[in-house]
Amino acid sequence: MRQFLARIAAGAPVPVFAIAGAGAREQVQDLRLNPGVRLVDSPREANVLLVAGAMPESLAEPLQRIHDAMSHPRCTVVAASPEGRDLHAWLPDATAVALHEPIAGGLVDVHRGILRGDRPSEPALLPDVEPAPWRGVGPFGQGGTGMTGGTPYGRPMADLLDDRDGLRLDILPLTVGPFFPRFPSGLILQATLAGDVVVESAIEANPFTDLDFEMVTPSPTLGPFLRALSAPVPIAELELARARSHLRWLADALVSQGLHALGVRVLALAARVRPGDGEEVRKLERLLRGTQVFRWSLGGVGPIAAERLIAIAAGPVARASGIAEDARADDPAYRELGFTPVTQRAGDAAARWRQRLAEAEQALDLAGRAGPRQTEVRGQVEGPRGLLLAEGAPTGRLYELVPELLAGLEWGDAIATIVSLDLDLEEAALAAQLTAGVPVA
Amino acid sequence: MTLEALLVVAGALFGIGVYGALSQQSFVMLMMGLELMINAAILALVALWALAAGGNPQGQMLAVVFMTVMAVEMALGFALITNVYRVRRADITEKLRRLRG
Amino acid sequence: MRTYASPEFALLAVGFTMVVGIYVVAMLDHVVGGRVAARPLLWREIVAGPARSAALLIVQRRMTTERTDTPGWMLAPALFAALAATALALVPLGPDLVVADPETGFVVFSAAIAFVMIAVFLHGWSPNSALPLHGAYRYAAQALSFQIPFLLAMLATALPAESLSIVEIVAAQESAWNVVRQPLGLPIYLVVGLAVSFWGPLNLPDGADLAGGTSAEDSGIARLLWQAARAAMLVAIAAMGAAGFLGGWWGPWLSGIVWMLLKTVALLVLLIAAGHLLARVRIERFVVVAWVLLIPLALVNIFVSGAFLL
Amino acid sequence: MSEERLVDVLFWVFAIGSVVTGYRVFRTDSMVRAAFYLLASFAAVGGILVLLGAEFLGMVLILMMAGEMLVMAIVMVMFMMNPAGLNPMWMVHQHRIAVAAGVVAFLAIASLGFLVDFPDQPNARPELATEQLGIELLGDSMLVFQTAGVALLSTMAGVVVLASRRGRYGIADEGSEEPPLQPDEVDLLGEEATP
């Protein structure tokens, strides 16, 4: 019976919990386009853990914890360039596939193998330990004392805090990340929740700063921008990369709004667009307006005042708050094309969505008209997430704003706010290392 | 399903309710005792309506009134608990030494 | 006492309807999702896809968290499925084709809908994990808000029938469907229906922003049961909408049962398409809309249809 | 199984179920479980009401209690110091008196069935129960029904005022502090001892 079921199950889309390390964001995202694979939100649902790209050492233990949370029969697939040897040390049973080929085929094969029973389900990697010692303590050996004392079963009791209505109620401290599917890889948020409201939160240091980016090939949407820092790059190429980056962000953002299918459509569009396809983006915007996402889900959520964004050079986020800063405006080639920055006024999550859509549209139009024009080398370039300089990256600065933005928001709004910022921890870490003069391919 | 059996069940529920209302320290648990008592009352009432009153519709009517009482009791109880907790930070009866506001 | 089917027949009929309904929902979801994603659709995948995914979940071994409320965690999907079955059993396919037609059918249906919140809360509370618990709280807020508009919208359909029996409610629509007599009723009912089965824009307890919410810790058969129960509830909502507002078995040319099935599938397609084409609503906005907009609208609906009857 | 026998079996299942779950309400450490046990007890009583022919009342009881118990479970989680019952709890006072009172109440009501000679008049037309109730509600007992409605409305207004933070004299919780548990910290007039 089990054999029979397993044979039928082998045809189902493979439930994969995918973790994107440095340089693999696009490959992992593109898995959504493949009907044979289903990216799931919870490791419990997954049978296959995919770890792609390079990972800093500090994320090894969280990785292993995710691995142990998966359901049996489970297996791990590692897709890393040769320098990602560390991953095999952390995940000893993993199957390796090449990063720069389509990963999906490998995932399906490994999954079929484990369903057939060709190889055993992977055992847990971490020992099963209690979060705090409790056995044998207390009147019933439950670790507690009295009614609210001690750490029963190793768990501290809930604390009290005033809620926004002045009632002193239980709070729930919660660590989210580093692989929460709605967050950029590596973001660790420590939130204190009172019901649905984030009372306070803190962000842990960017784990990717430990990574040596000399060994990592930058992702294809970021590559042209990094090259433009030190060499002239055709505007058409740069603007196409910008439009793709915005559309890729939109594909993920739509998933966070529960619109999975629409996300797949946008992802396919991101791969398909060519210079001059501004009309495609306009059509997309009409479709999005039809989903009411700007009115029901994002309007008025997570507003950022313009003065908080001065001198952060946060690109689309700053322009969505009305700051008309754009490094492209100083470039003679762009001036020839008649470039002026687009801005929004509201500064909320909806404005940031609209801003990226408008910029993607503008970028495709610019790319279509640019011809052979090239950028001027000035040691700075307007990236998809803001100004890329020799030192300091926009995400690095926006990242610090997060705790202050989340205070008092409901959880859904907090997620929508974080998503709308388009943080990329990998890019921030990489940009910070640019000061050392890292040569970029 | 005889009247005696029904009254025994109603009595058992009422007895548990009385025990809960008298013994529990927590306001909410105390209210659960009250709820059980009203529950028993409704059961006894409907039993008498069905088996001893010849189906007089006023018996059902009285049960509707009881349900209203139950709803009012719950709503007032929760509001009072919220208010007492807000003003006194008290969630058990022992913490209320005075009833003045 | 009104008509009831024998227990054996009832079990068989409701079980069969549920399995078929769940399968249809899964197929429709695949088709509509594929259209929205602009993905090529293969017949093989449409027909065999749900069975394969179900088989995968059966093969998957269940993982548990620490210190769970195990009976509660097991009970929740079973309770939800039982509620969907209860709701489905009340829907008549034809004047004589109904599993159970109690005099108070409307109240029984409402009680089943009200109990859904218990099932969802139990499901989120019992795994002893933060995100599911969070989803459970959300559904509590959502459920307490949709309860009253739901009751009022459904109650209006009982007015022209002068009965709480579902069969009578359908029978009274011979001259005019309720969707014509009470144009406000169906939209309110459908919004609430999405909220009851937490589907699409109102999937707040199991939403993507909670990485699966109440079902984030589910795996294996428990997950399969929960998803199936949710789909069955959507079928029940669509079927009851077809019976209560779209005239049930009434319709020209075709036989009654065909009309009933057609209307149910049409409502299902509408609900599932809404799931793929409408963005998630913020919980705060939904609560405000439910209390401030839906309740007054539902009251107006009742007053207007009452005035017409006088 | 004949219909009468089925009714009898169901009655005993519901009866035992309601009493056992009712008892478990006060014998579980977890507050949420307590609320769910109480709900189960109510649902079983609702089932008995349906068996007795009061279909409408039974179903309405179940319908009402679902929402009520959910609120109760959440209020429990909000206000109790140990809602999950991780540490065993025993929060009772005057326990012996309470047990005695409960037993007395049980004996008093249970004995009624055996001591009092109630007339044996089963409902002649059980199939009309719902219709009769409707006519009664909007006929002879209209005034009672309306009064119940007005009572509910005033309750709604009253509880919103009670529970809201802003009262007639400003913010309700201003200057509030947790009262001490030990009686000797409180003087006899009930004023809190000055620290």
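Just so it is clear, A, B, C and D label the chains in written order, and each chain counts residues from 1 on its own.
What we mean here is this: a residue touches a chain if its C-beta (ideal position, glycine included) is under 8 Å from a C-beta of that chain, and two chains touch if they have at least 3 such contacts.
Every value quoted in this text rests on a predicted model; they were computed, and no experiment measured them.
Colleague: Using the stated contact rule, I'd like to know whether B-D or A-B comes out ahead in C-beta pair count.
Modeller: Comparing B-D with A-B, the pair joined by more C-beta contacts is B-D.
Colleague: If you average the Cα atoms of chain B and of chain D to get two centres, how far apart are those centres in Å?
Modeller: Computed value for the inter-centroid distance: 4 Å.
Colleague: Report, in whole Å, the distance between the mean C-alpha point of chain A and the mean C-alpha point of chain B.
Modeller: 53
Colleague: When the centre of a chain is set as the mean of its C-alpha atoms, what distance in Å lies between chain A and chain D?
Modeller: 49
Colleague: Just the number, please: Cα centre separation of chain A and chain C in whole Å.
Modeller: One centre to the other, that is 34 Å.
Colleague: Multi-chain contacts in chain C: which residues touch at least two other chains?
Modeller: Those would be 137.
Colleague: Give me the residues of chain A that touch two or more other chains.
Modeller: 153, 155, 166-167, in rising order.
Colleague: Can you list the residues of chain B that touch 2 or more other chains?
Modeller: Where chain B meets two or more other chains at a single residue, that happens at 82, 85-86, 89.
Colleague: Which chains touch which?
Modeller: A-B, A-C, A-D, B-D, C-D
Colleague: State the interface residues of chain D toward chain B in the complex, per the touch definition above.
Modeller: Interface residues on chain D, with respect to chain B: 7-8, 11, 15, 18-19, 22-23, 25-26, 31, 34-35, 38, 41-42, 45, 48-49, 51-54, 56-57, 60-61, 64, 68, 71-72, 75-76, 79-81, 91-95, 97-99, 101-110, 112-114, 118-126, 128-129, 132-133, 135-137, 140-141, 144-145, 148, 151-152, 155-156, 158-160, 162-163, 165, 172-173, 176-179, 181, 183, 186, 190.
Colleague: Residue numbers of chain A touching chain D in their complex, please.
Modeller: That would be residues 138-140, 142, 144-150, 152-153, 155, 157-158, 165-167, 169-170 of chain A.
Colleague: Enumerate the contact residues on chain D facing chain A in the complex.
Modeller: Checking each residue of chain D against chain A gives 77-79, 81-83, 86-89, 91, 165, 171-173.
Colleague: Flag every residue of chain B that touches chain D in the complex, lowest number first.
Modeller: Per the stated touch rule, the residues are 1, 3-20, 22-29, 31-33, 35-36, 39-40, 42-44, 46-55, 57-58, 60-61, 63-65, 67-68, 70-72, 74-76, 78-83, 85-98, 100.
Colleague: Under the stated contact criterion, what part of chain D meets chain C in this complex?
Modeller: Those in contact with chain C are residues 30, 32-33, 36, 39, 55-56, 59-60, 62-63, 66-67, 69-71, 73-74, 84, 126-127, 130.
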